[in-house]
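Two complexes are shown next, each including chain A; its partner changes from chain B in the first to chain C in the second.
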Partner chain A sequence: MQIVRALLTRLITTLITLFGAAIIVFVVIRVVPGNPIAMMLPPGASEADIDRLKALYGLDKGIFEQFVIWISNVVQGDFGTSITLRQPVYDLVIGRLPATLELSVMALLIAVVIGGAAALTATLYRGSKVEGGIDVAGGIALSLPDFLWGLALILLFGVLWPLFHISGRISPSLGFEFSTNFYLFEALARFRFDVVLDLMGHMLMPALALAIPLAAIILQLLKQSLKECMHDDYITLARTKGYAESSIILRDALPNAILPTLTLIGVQFTFLIGGTVIIERLFSYEGLGNMAIDAVINRDLPLIQGIVLIFALLFTMVNLVVDMAYAALNPRLRHA
Partner chain B sequence: MSFLSIQDLTVQLKNGMPLLRHVSLDVAPGEVRALVGESGAGKSMIGKAVLGILPKAARLTGGKILLDGEDLQTLSQKARRQRIGARAALIPQDPLTALNPSRRVGPQITDRLVDILGWKRPDAEKRALELLEEVHIQSPDRVMKAYPHELSGGMRQRILIASAFAAEPKLIIADEPTTALDVTVQKQILKLIREMQQRHGTALLFVTHDLGVVSKIAQSLTVLYAGKVIEETTVKDFFAAPSHAYSKALLAATPKYTDPQGSLTPVPESVITAVEAEVAAFDEQARAGTRP
Partner chain C sequence: MRDARGNIRRLPGIRLWLSGGWLTFLVLAAIFAPLISPHDPLAQDLFAGRLPPFFEQGADPAYLLGTDSLGRDVLSRMLYGARLALIVALVAGTLTCLIGASLGLIAGYYRGWVDLVISRFIDIWMAFPPVLFAILLIAVLGTGLMSVIIAIVVIDWTRFARVVRAEAMGQGAMDYVASAQVAGRTRFGTALTEILPNVLPTIVALLTLEMGIAVIVEAILSFVNLSISTDQPTWGGMIAEGRTSIYQAWWVLVFPLFALFLTVLSFSQLGEGLKDHFDPVLR
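Up next is the complex of A and B:
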């Protein structure tokens, strides 16, 4: 009963959040200068032509009326048609979403594995040179934002030492026919490891660029929480029982130290998804973010609105997953 | 033959400041030895040295700790931990913090049996249930599955006692195991520890600053001041007539059983000065190497 109620509350807040996001994006992109009609017509088009196009896209109506029309269409699953690409926004967004999801999740996995392993290692060797080295590496990782890491990686592993592809999502020469847009997932499921390798060769650098700063943040917070836990009495008791330090860290300290890090990962992951916009552009990776930049440049209002809505939906989903994981990991919440 | 034999144990801070000064004490199988002294005297430090959990800032710089005749310092860190885990156990001071909040109670009792001593899990669980009954916990099945925060302080201390006795250790160190509890619960827990110790014939080193508790549980006692053994005697002799002036003052400073509200004499200044001088002279002798 309680669970149903919690879920219902959650659903309602999600809807309100999405509605708020819809209003904001709708207003903002109409307030900033520049309009899509001017982009579409050759210079010197007649007033009549402009008016006709405006009417076609409903831009001749008042902003409030436009919003009502758009939102009632959205509720019915119609997100409109892209002005520049002349395709349904829904198809465009859903078509690109898997590429961005794969990139973000890959980046998150890399960040969690590297950051987590570094924090655990630093805790095991606390007070020694190993911890010092890990701290220094963490500091360096945090000193640059993701897109500068992207540039650095392109220089290092794209130009100086060309290990990876620096642009695109897959080599066209591969000629592999996908039946979904989850390329990596599909290639794995079909055991086409040659394709997986090619996809990874494209994805690894942008994913790393996104992951490096996040890994450092995870390292710092998790290490701090672990360090505090290591002074707790139940840790000392585990030592008297005969356990090795490494198993104490993993079994006793980690579950108690992980909750703040989990919350942080949730927040940071939404930032990371936001970061894909620039990173995808940098690596010409055909995801949502790259499409978003084109849409903004072209003032493709319906497409921008669709992309922003899907991002907002993603963010709320991430928060939901984090809350659920939090409740699952914290026995005190589970029984509350 | 003592099960625990501490010989000439010296523990210092990294800066050379002594925390334990050539401490020697023995605990025989089945014996309960109380370790008394004021706060900061180093009582807990002795227990920590034996159990291999000295704080990072402190170092064992001299002496021997023999557990069942085996010198722990000659073992590798890993072997030492395992040996201690198999032969000794700790009943900690604060039951509220000594259980891992994110693990169920059952595995916290059985983990040593399974992971360190190689028991099969069902056997260990059966043993845990028996132990929980032994420490008078109702519906042990339910308690095994509970998380620590669902249980009272007294319950948790019973669980920690059960956990300490789980592997039939020959030595248990109890570090003020009742100070964090309500007065009524204190009495029950004390009685329980005594009962368990007698039934299992365990050697018990009982750390306390409460002389009132000593007479109820221990046969022998060691008085500590500033990390130095001041007096080492039987409980009977101690309460009849403590031989050291500091011990006498300590006894006078303890509320009488018969008259808990009675007036107390704090340890007089002159006694403190004398015992401080004794410790200083002892340090001087130790440095000159003339101590017998």
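Up next is the complex of A and C:
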């Protein structure tokens, strides 16, 4: 019963957060100096046209009524029409979302692999120069944000030693027709490994830039938890049984040490997704973030608003899933 | 305050010396930019476009670090860019710290409905990607130094509020706070004279980290051309320009990027060092 109540409370706070986020977006968008209607119409539009459009968007009503109209549209997925692209914002946002999701998940995987491997290696060689080296590398990785790593990668692997693509999502010369916007997923499912390779070649650099700071965070926490585990009795027992140190770390210490790291990864995943905004721009990757910056430069307010709302929805959902996964994984909460 | 400063003076470690050294150098370079810049950072010379730095073939010794596509001196632009980076670090960092730490202190010490409201706002803020939020704010406020500073304060106050709230909560439960109350101190007086001094070390460390973050946010905003007016040299703006001509003139990207690297690294090493130093467990 208690777990149901905890779940319900969590759902309600999520809804409050989402509603609050919607209010913030509404307030920020409506304090725009300048008339949003004037931006939608060509110069020289008649008074009647302006009034008609105002009535259409409910801008002739009070601010509270405007909010009610706006939020009821938003809840139904009606984010308005993009001013520059002249298409429904909902379609544009949904069309770009898969690219950003694929990039984020790829970056997350890379971060887990690099961070996890580094933590395990450092634990295996603890007290030696190897651990010292990994610590220094982790410290630097943590100190610099994804934006700087992206630029460094462009210089290293795009210019000095051109191994990977540093711009776009796919080579247009491939001429491959996708039926969904999950390019990587679709190419994998259709066994087109040439396309997969091309997609990966484009994704690797931006994904790595996003992954490096997170990998460093995973490294630090997992290493610390592993180190604490290594003094436990069951480790000594495994040692007296004669198992190799590496297999003790993997089989005995890791399962006991991993829970805090898993929670942290969940929390940090939203920060990683947030980083896609500038990283997509840097690598001209056709995702949501890149579209958001174009929208801001063109002052396309309906589009910006739609993208910000989608990100807010994504973030609160990720946080909700992480909390629930934590409750499911943690025995103390499961039996509460 | 006095003994906190005494501690900083005894900070060990080569990393902190290097960080401090680079930042001091940067502050001096920024202050004396008009005196030491070899050229006007805005002066274009279309006949001297894309000159390489001094160690490459075909360099002009008058342009030590080369020129960009419009023939503007990279070194002079970097020196003037340092001014803006440091102003943003100082002003935006301090304002973010003041606002965020005050809200965190109030929430953590007073608890109750004040805490509920502030915590809810923190939750809502966590639902927005910071860079996107900043860009949205600039779109609404218009470009300019003030807008950049406001955007940084608005997106980052939660960083201070979260940490200071948790610390103030911990301190508030301590016996010395209770005895201050018994001694007849007002709630507000206790918060100011008992809690604040004990969370101050954390705040100072966070402030240093925040300055590095402010420099990055400003660089990102100028990279997408949404910082201050386009004719003022900024590191982010130079990097954006260098990104487009990376195959023809790498130096336009590399030198400002290097300065940005060192600056952010220095702020963050200094912050981490201070954090470790003030950590009661390690102390």
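Brief remarks follow.
Assume the second predicted complex is superposed on the first by the 283 of 336 C-alpha atoms of A that agree within 3 Å, B and C clash if a C-alpha of one lies under 4 Å from a C-alpha of the other, contacts with A are read in each partner's own complex, and residues count from 1 in each chain.
Definition applied: a residue touches a chain if its C-beta (ideal position, glycine included) is under 8 Å from a C-beta of that chain, and two chains touch if they have at least 3 such contacts.
As the structure is a prediction and not an experimental result, all values here were calculated from the model.
On the superposed chain A, the two partners chain B and chain C both fit, without a clash.
In the superposition on chain A, A:A244 makes contact with chain B only, not with chain C.
In the overlay built on the shared chain, the residue A:N256 is in contact with chain B alone; chain C does not reach it. Residue contacts after overlaying the shared chain place A:I265 against neither chain B nor chain C.
Taking chain A as the reference chain, the count of touched residues is higher for C when chain B and chain C are set side by side.
Contacts of A:A21 after superposition: chain C is touched, whereas chain B is not reached. Using the contact criterion defined above for the overlaid structures, shared-chain residue A:A312 touches chain C, although it does not reach chain B. With the two structures brought together on chain A, the opening angle seen from the C-alpha centre of chain A toward chain B and chain C is 90°, to the nearest 10.
Applying the stated contact rule after C-alpha superposition, one finds that A:M106 touches neither chain B nor chain C. When the two structures are aligned on their common chain, the gap between the nearest CA atoms of chain B and chain C comes to 21 Å. No residue of chain A contacts both chain B in one complex and chain C in the other. Every residue of chain C that touches chain A in the complex is listed here, in rising order: 120-121, 123-124, 126-133, 135-140, 142, 213, 216, 219-220, 223-226, 239, 243, 246-247, 250, 253-254, 257, 260-261, 264-265, 268-269, 272. Taken together, the chain B residues at the contact with chain A in this complex read 51-53, 56, 78, 81-86, 88-90, 92, 94, 97-103, 111-112, 115-116, 147, 149-150, 160. Residue ranges on chain A touching chain B, taken from their complex, read 127, 232-234, 236-244, 247, 252, 255-256, 329-332, 335. Of all the residues in chain A, the ones that touch chain C in their complex are 13, 16-18, 20-21, 24, 28-29, 31-33, 139-140, 142-145, 147-148, 151-152, 154-155, 158-159, 270, 273-278, 281-282, 289, 292-293, 296-297, 299, 301, 304, 307-308, 311-312, 315-316, 319.
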